[in-house]
Structures are given as structure tokens and as C-alpha cells.
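Structures are listed in the sections that come next.
In the two complexes that follow, chain A is the common piece, with chain B as its partner first and chain C second.
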Partner chain A sequence: MRLKFREESLYSLLFLTPAIVLVGVFIYFAIVWNVYISFTDWKGLIPSYRFVGLENYRILFHDPVFWTSFRNNIILIILFVPGSLLLGLLLAILLDRKIKFENGFRTIYALPFALSFVVTATLWAWMYDPSDGVLNTLFSMLHLEFLKSNWITDPHVALYAVILALIWQFSGYTMLIYLAGIRSVSSEQYEAAIIDGANQLQLYRYVVIPQLKKPTLSAFVVLMVFSLKAFDFIWVLTSGGPGTSTFILAVEMYKETFAKTKFAYGASIATVLLLLSFAIVLPYLYWSYGGEKE
Partner chain B sequence: MLSVGGVQFYQDFINGKITDPNDPTLKKVLNAYAEYLNYVNSDHAAKTWDEACGLVYKGDAAMTIMGDWANGYFKAKGWKPNVDYGAIVLPSNVYDLVIDTFVLPAKAAHPDAAKKWLSFIGTVEAQNTFNPIKGSIPARDDAPLDPYGPIQKEFIKDLRSSSTKLVPSITHGSAVPPAFLSDLNDIISTFVTNRNVDETAKSIVNAVKQDLLPNKIKEWKLT
Partner chain C sequence: MKTRRLILYLLLIAFMFVYLLPFWSAVTTSLKTGRQVTMTTPVKFVFPPYFGAYREAFSELKRPMLNSLLFTTFATIFSVMIGSMTGYVLAKLLKGSTSKKLLIFITLGIFLPYQSILIPLLRIITKLGLYNTIPGMILTHTAYGVPITTLLFTNYYYEVPDELVEAAKVDGANPLKIYTSIVFPISIPAFVVTAIYQFTNIWNDYLFGLVLTRGEEAMPATVKLANLKGSFVANWNIQMAGALIVAIPTLFIMIGLGKYLIRGYTSGAVKG
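Let's look at the complex of A and B:
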């Protein structure tokens, strides 16, 4: 018995090694390395690892572009996360109403999430084109000229245009999560509520929605972490422009690191992002593991 | 910047000498640019240079500011130079150079063929085959003028004149380090929409200090 156990753990160690090595080198070592780089003065194509302490962070906190990116990131989180959750919940409730062609609609709503960000961002860029884009053309045809806008080329509107497109893409994901949550509410509870005289609105308000805490929280964490690293979509749609109006931290990090080859400075932005991600993910981990113990 | 500030100011700028956010010439340059912006189409930020030429071609725009390659666009559309369209040099007596390069990598598979190509593109024959079609002008001053249209001949005369100064292009990355160019692009895109001269001058000067001076590789002498 004892021997068998040792043999088993030997085998599991053997099979786990490649994964542990890869994750260790490419994720955890890379994180540590990044933090270390952020304390050096590496700039340009030839690495230099002279230790400069918190100098990069000092410059960073005095950099107006950093604060613009930070502010945009906060706006993105405040609008995008609840927006996606609410739209997903609404779609899930509508689909739950035993409508015709439910499968068809479910696929239609979930499809955007299955597409690559590069594809959807390119499509949105075409739709937002101020002269030939489908949105402005449509508004002209319907004589709704007041709705026309320069969209992603107007710095006052661009960030909101990006957020709208992101909500559209992620609503399919939250819809699926909520639909699964709603379907897991047992039919007895529906019946009991209806016998007690609850109308449809009350049914969702008091019976279904309170039971969606867990799916909401897991979707919330996914959306929060995504809004911190939403690089690809924004890069393809606006490249952070016009000017710095759609910069978020990930975009600034990329520009500083690869467009300006300020590697150490970019690494310090990455470290700030890492800390922000921790701030979001750690309470969630604590909550979900703590919840299991109860 | 060249028209308003002149070559000396341009040289100071690309050498990183403009470090005062209240520099009167810098502000004059930005004000002149803001004045220009009163005449642009509202969707300018979504247009590429050839789409802008397209507006001129369709009659939706009176003019566009572009390099000599715009000639090639209009020619390809069948327009005749100085009949259907005209061009003036701006500013005169200065030629802003854009350099395109071909690279021969150290481990290229066919270095001899590549060297043959490289020596060929420098010849009069190659220059006078390529440029008339592209709309640009030959870099060599011994190239015959016969294959060129009237507008290109005008440009060539300007380029070969002894009073013309040659300056490296900021936009195309010859004059300043890439980090500074990246800043400048963002600053100018913001300026195009908010037209705030004081704030822009401040941002430009900050970028000069942060990304031009530390990365500077050479001192330009243009005058």
C-alpha cells in the first residue's frame, strides 16, 4: 500500500513537471523578472540592469499620460463591468421566457464572445467610420442626424464608443453565465412563488436574482480582470487615440515598452497593473475558498 | 514649423533646444497650425492621405497638403498636371526629405543579387523609371528631366537650387528618436481636437526633455 502510494506520487510528479516548469518560467519567473526590471534603468535595445530604486515609479506618478490612462481604466471598469452584467442578465431573462427559437437567439447573443477581439474590433472600426461607417449612414437615412458622431475619432466620445463595443461583445458571455444560473433555480421555487401570488417581476426580483450571487461574482472578476488588460481590442479599434483619449494602462504599457523602448518604465506600469489585479482577485479567492469551508 | 519658424528654429527643435513652454516661436507655430485646422474636413482623423486626395479629386476639398507622391495619385486617376490640378511647394526653399531604405541582412541567402539590386536602384535609369510613375522626383541631380511632368519639373528645379535647404522629416522618423516621435504624434492628435496652444507647448517641451534629449544620437546642422 505504502509503496503504491509512493509510486503514484512519483508518477504524478513526473507528469506535472513539464507544466510546473513552463508555468514557473513563463509566468511566475516572468512576473518576478518584470518587477525587478522596473527598478532598473533599462531603456533602448541593449539591456542595462543598473538599479535605480523607485525612480521609474516616481516619474510614473508625475506622468500626466499615466493618470489619463488610469482615469480611463477606472471609467472603463465603472461602465463596462455593470453594463455587461446588466445586459447579460436582461438577455438571459428574455431567453428564459420560453420564447420561440431560443437556441437560435442564444447562439446569436453568444456569438460575439466566440469571435476574436481583432475581428470584432475591426468590424466596429468600420461601423464607427465617420464618413462611410454604417452607423452614421444609418442615422442619415433615418433622418436622425443629431445622433451622428465622429465616434472613435472624437476624443470626447471615443472612450465611450470603445466601452459600448466591449459591452456588446461581453454581454454574450454574461448571458450564458446568467442563463445557466437561472436554469439551476428549481421549478418548485417558481411554483411556490406563483402560488403565493408573485407576478413575473416579483418572481425575478425576489426569487431568481437573489440566487445569482455566485455567477455574478465570478463574471464580475472575469470582467474586472479583462478591463485591466483589455489591450488587443482597444489597440485594433483606436490604438489608444485620438491622442491619448482611449489610453488605458495596458495600452500605455505597450507604447512605453515597445514603441519607445523604455523597458524599465513599461515594467513599472506592468507592476502597477499586477497590483491592481491582485486587489481584485485576492478578495475573490478569499471569498470563494472561505465560502467552501463554511 | 518650417514655414513659420524657419530652418534655424526647426534645427533647434530637432536638436532638443526648445525647452521653454513659453517659447514665442513654438507658440506661433502652434497658432498657425490651429489656423489651418479651421479649414479641415470634420472627419479628417479617419482619413488617410490618399483618401484626402480623393476628396480633392471628387471636388469635395479645395486642396490637401501632402508630399510629392500625391502626384502619383492624381496621375493614376487620369488627371493632367497643371490642367486638372496644380501644386505649390510649401514652404519654398526648403526640401523636407523622407528616406526609404532597403536592408541587406547579414545572413541573406543571395547577397550578390541583393547588392546588384542595391546598386541598380541608385542609378539614373532606375530613378527615372520609378519616380515618373510614383509622382516623386529623382534624388540624383544628373537625372534627365524628360520623363517628368510640369509639376515634377518645378519640384526638381527647387530641389537642385543652391538656395534650397534640405531638412530631415520629423513625421517619417529621420529627424528625431522614435520615442519622441511617438509622444509628438499623440500630442499633435490631441491638439488637432482641443487646439489648446499653451497645454500643447507644455506637453511638447516635456516630451523633448523626457524622450528626445536622453535618446539623442546626433546634433543636426542644417544651416
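Let's look at the complex of A and C:
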């Protein structure tokens, strides 16, 4: 029996080794290393690890581009997160009405989410092209000239254009999450509400939506964390421009680190991003693991 | 009631147009000559279609597409295998708080903003001599795939009855034998879902490819596509053809195997 037990632990250890080594090195060790780099003066291609304390952070918090990026990040979160949640909920409710071709509609709405951000950014670059692009031409055709815009080349519009396209890409995801949530509401509850004389609107308002707390929260966290690390789409579509009008922290981090080779400075922006995502994720994990405790 | 159904369908169809518009205009534009692109409306097809843009885009993207296919396939296999082994241990061999702590330790990476490991990652990969190589891409994507594959498999194995494993244990089978003869065969559905999810995710990645590759030897299709934007500035037909070529694998997965991909998304998966 004792031998058996030892054998089992040995196998457990063996099976766990690849995951623990990879996660240990590529995530935890890398995080610590990055934080350490943010305390050094590493500039240029050759690493330098001279310790300068919080100097990078002092410069960072006095850098107007950092605050522009931070502000844009907040705007992105405020519009993109609820926008994606509400549109996804609407689509899920529409699709939950015993629709013919439900699978077809669902696939089409979810299609953008299955694509690379580089692909969708390329498609939207053409949508938003001010001279020959899809949207402006379409609006001219439909005599809706007042809707024409310079889109991503107008610094006052660019960020909102980016957010609109991101909602297009993510609402299919939130729709899937909500549809799964709606489908898990038991049919007894539906029947009970209908017997009580609830109409369709009341049915959703008082029976279905209150039960969507869990999917809402998990989608909320996913969207929040995405807002922090969103880089691919913005980098390909606008590179942060025009000017710094679509800079967010992830874009600034890349630009400082790899375009200007200010590695230590970039590492300090990355650390700020990490702390922000901790602030979102840890309460959620606490809530979800705490809530499921037997 | 009839009119309400009608309004419902009209709404669904209106949304369908909104969601499809970027794809639609990409297809029409990719089949035009450069002159036709500026002379005609983006949403209209021209006849006869012109395939030159696809030829041009494909000649640029051929090698990067092969690179992507190669490292995506291997990184998918490795990350799925590791996820399955780890999930088996966490759900069936270890019990109680050790298992829970390890699960959190491994899966916390799901929420990691990759910016916060990017510089050390570049250093590690360079130090290993894997910068701008396919093995470097495989290693990177395997490592960052482990958190999500472990989560998906652990959740799946929680549902597997303990008796199944216990019975084999009583018969004297060791954990490896139990894994290969019992656990592996019954988790084929989880392998399908996780592999499809991973393939899509790795294929779609841009950031790692951008930082870890330079030349054609290992450059992913997504990075090359982004570069086409610079080298074919106003050639929208070539850009659209390129975007559609790079999208093909994941489009087919979504259309043909969408059921499994959706299961991956809805069981706690994240993108980007």
C-alpha cells in the first residue's frame, strides 16, 4: 500500500513537471524579471541591469503620453465593455425565440470573433478608408452624407471607430456566453412565470436576466482584461495614431520598448498593466473560487 | 403575433448584414483590379472577376502560411497533451487543497497581459538560440497555451466518475496505464474541443510572432499580412485577398467545426 502511494506521487510529479516548468519559467519567472528590468536603466539593444530604483516610474507618471494612453484605456473600457455585453445580450435574446436557421445566424454573429485581429483590422481599414472606403461610399449611395467621416484619420473620431469595430468583433462572443446562460435557465421556472401571467418582457426582466449574473461577470472580466492588453487590432489599424489619439497602454509599451528600444521604460509600463489586471482578476477569482466552496 | 415574428426575423437579418458587411466588401474588393477598386463601389461585384490580387497576395503569404501551419500544429499538439496530463493529475490523482492551489498557480496565466512578460520572453528565446525559428514559436505557444488547456481538461476530468479510475487502481494498474487505457480514450471530446480552440488561438496570434521573428524563416502569416499593409499601401484588392487567405483556416473551423470552438469559448476561454 505504501509502495503504491509512492508510485502514484512519482507519476503525479512526472506528469506535472512540463506544466510547472513552462508556467514557472515563462510566466512567473518572466513576470519577476520584467519587474526587475523596470527598476534598471536598460536602454538600447544590449541589456543593462544598473539599478535605478523607481526612476522609470517617476518619469512615467510625468509622461503626458502615459496619461493620454491611460485616459484612452478608460474610454475604451467604459464604451467597449458594456457595449459588447449589451449587444451580445440582445442578440442572445433574439436568437432564443425558437428561430429557424438559429445555427446559421449564430455562426455569422460569432464569425468575427474566430478571426485574427490582424485580419479584422485589415478589413476595417478598408471599411474606414476615408476616400474610397466601404462606409463612406455606402453612405453616399444611400444619401446619408451626414454620416460620412474621416474615421481613423480624424483624431477626434479614431478611438471611437476602433471601439465600434471591437464591439463588432466581441459581441458574438458575449452572445455565445449569454445564449449558454439563457439555455441553462430551467423550463420549470419559465412555466411558473408564465402561469403567474408574466409577459415576454417580464419573463426576461424578472426570470432570465437575474440568472445571468455568473456569465455576465465572467464575460465582464474577459472583456476588461482584453481592454488592457488590446494591442494587435489597434496596432495594425492605426498604430496608435493619428498622433497619439488611439494610444492605449499596451500600444505605448510596445512603442517605447521595441520601436525606441527603451526596454526598462517599457517594462515599467508593462508592470502597470500587470497591476491593473491583477486589480480586476483577483477579486473575480476570489469570488468565483470562494463562492463554489462546497 | 405574426407581425412580431416578422419584425424579429427582419432584425436578425439586419444584424446579419452588419456582421457580414466587412467580409462581403473584402470578397468583392479582392476580385477586382486596382483600377476597378477606385472606379466601382466596394460592395458590388464586377464581372468577370479578376484573380490577380489573389495570385499576388498568395505569392507573398505562401511561406508565412506554411510557417504558421507548422508551428500552430505542433504547439497545439504539445499544449493539449500537457494540458491533458496535468488535468488528469489535478482532477484525479491529487486531492483537496494541493490540487486547488496548483490549479490556480497554473491557470492564473489565462488572464496575463502578455506585455508583462514580453521583454523576458524575448531574452529567454534569444538565449536559447531560438529567435526567429519555428521551434522558438512552438515553445512559446506551448508554454502560454498550458494555462487554458489545463483548465479545460481539469474541468472535463472533474466530471469523470472517480470509480472508473479507482476500479483500475484496485486491479493494480499504475497511473500511466490508467491514463493511456482509460482516461485518454474517454477524453477524446475534450481533446477535440481543446485542440480546435488552441489551433484557432495560435493561428490568430500576432504579438508573439511580431516580437520573436524577423525574417521569412519563421514569420507567421498574421505578421506578414500586417506587413502587406505597408508594402501595398493603397492596393486594397491585394490587402483584402491577403486577409481572406489568412482567415481561411479559422473561417473553415468556425463554419465546419463551430460547435466545438463555441464549446471552447463558453467553458471559460479567453482570446488575445
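FYI, the second predicted complex is superposed on the first by the 293 of 294 C-alpha atoms of A that agree within 3 Å, B and C clash if a C-alpha of one lies under 4 Å from a C-alpha of the other, contacts with A are read in each partner's own complex, and residues count from 1 in each chain.
We take it that contacts are C-beta pairs under 8 Å (C-beta built on N, C-alpha and C of every residue); 3 or more make two chains touch, one makes a residue touch a chain.
No experiment lies behind these values; they were computed from the predicted model shown.
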What does the overlay on chain A give for chain B and chain C, a clash or a fit? fit
In the superposed arrangement, does A:Phe61 touch chain B (first), chain C (second), both or neither? neither
For A:Asp129, decide between first (touching chain B), second (touching chain C), both and neither. both
Is A:Gly243 in contact with chain B, with chain C, with both, or with neither (first, second, both, neither)? first
Partner chain(s) touched by A:Leu111 [first = chain B, second = chain C, both, neither]: second
Counting residues of chain A touched by each partner, does chain B or chain C come out ahead? C
Apex chain A: angle to the C-alpha centres of chain B and chain C, given in degrees as a multiple of 10: 90
Which partner does A:Trp287 contact after superposing on A: first (chain B), second (chain C), both, neither? neither
Touched partner set for A:Tyr49, first chain B, second chain C, both or neither: neither
Look at A:Val222 in the shared chain and tell me whether it touches chain B only, chain C only, both, or neither; answer first, second, both or neither. second
Report for A:Tyr206: first if it touches chain B alone, second if chain C alone, otherwise both or neither. neither
On the combined arrangement from the superposition, state the nearest Cα-Cα distance between chain B and chain C in Å. 6
Common interface residues of chain A with chain B and chain C? 129
Residues of chain A defined as touching chain B within the complex: 43-44, 59, 64-65, 129-131, 150, 153-155, 240-245, 255, 259-262
In the complex, the residues of chain C that touch chain A are 8-9, 11-12, 15-16, 18-23, 25-26, 29, 37-38, 41-43, 82-83, 85-86, 88-89, 93-94, 100, 102, 104-106, 108-109, 111-121, 123-124, 140, 142-144, 146-147, 150, 174-176, 179, 200, 203-207, 211, 222-223, 225-226, 229, 236, 239-240, 242-243, 246-247, 250-251, 253-255, 258, 261-262, 265-266, 268, 270-272
Looking at the complex, which residues from chain B come into contact with chain A? 42-43, 45-47, 178-179, 182-183, 186-187, 189-194, 203, 210-211, 214-215
Across the complex, what residues on chain A touch chain C? 7-8, 11-12, 15-16, 18-20, 22-23, 25-27, 29-31, 33-34, 37, 47, 91, 94-95, 97, 99, 103, 105-127, 129, 132-134, 137-138, 141, 168, 172-173, 176-177, 180, 218, 221-222, 225-226, 228-232, 235-236, 249-250, 253-254, 257-258, 263, 266-267, 269-271, 273-274, 277, 280-281, 285, 289
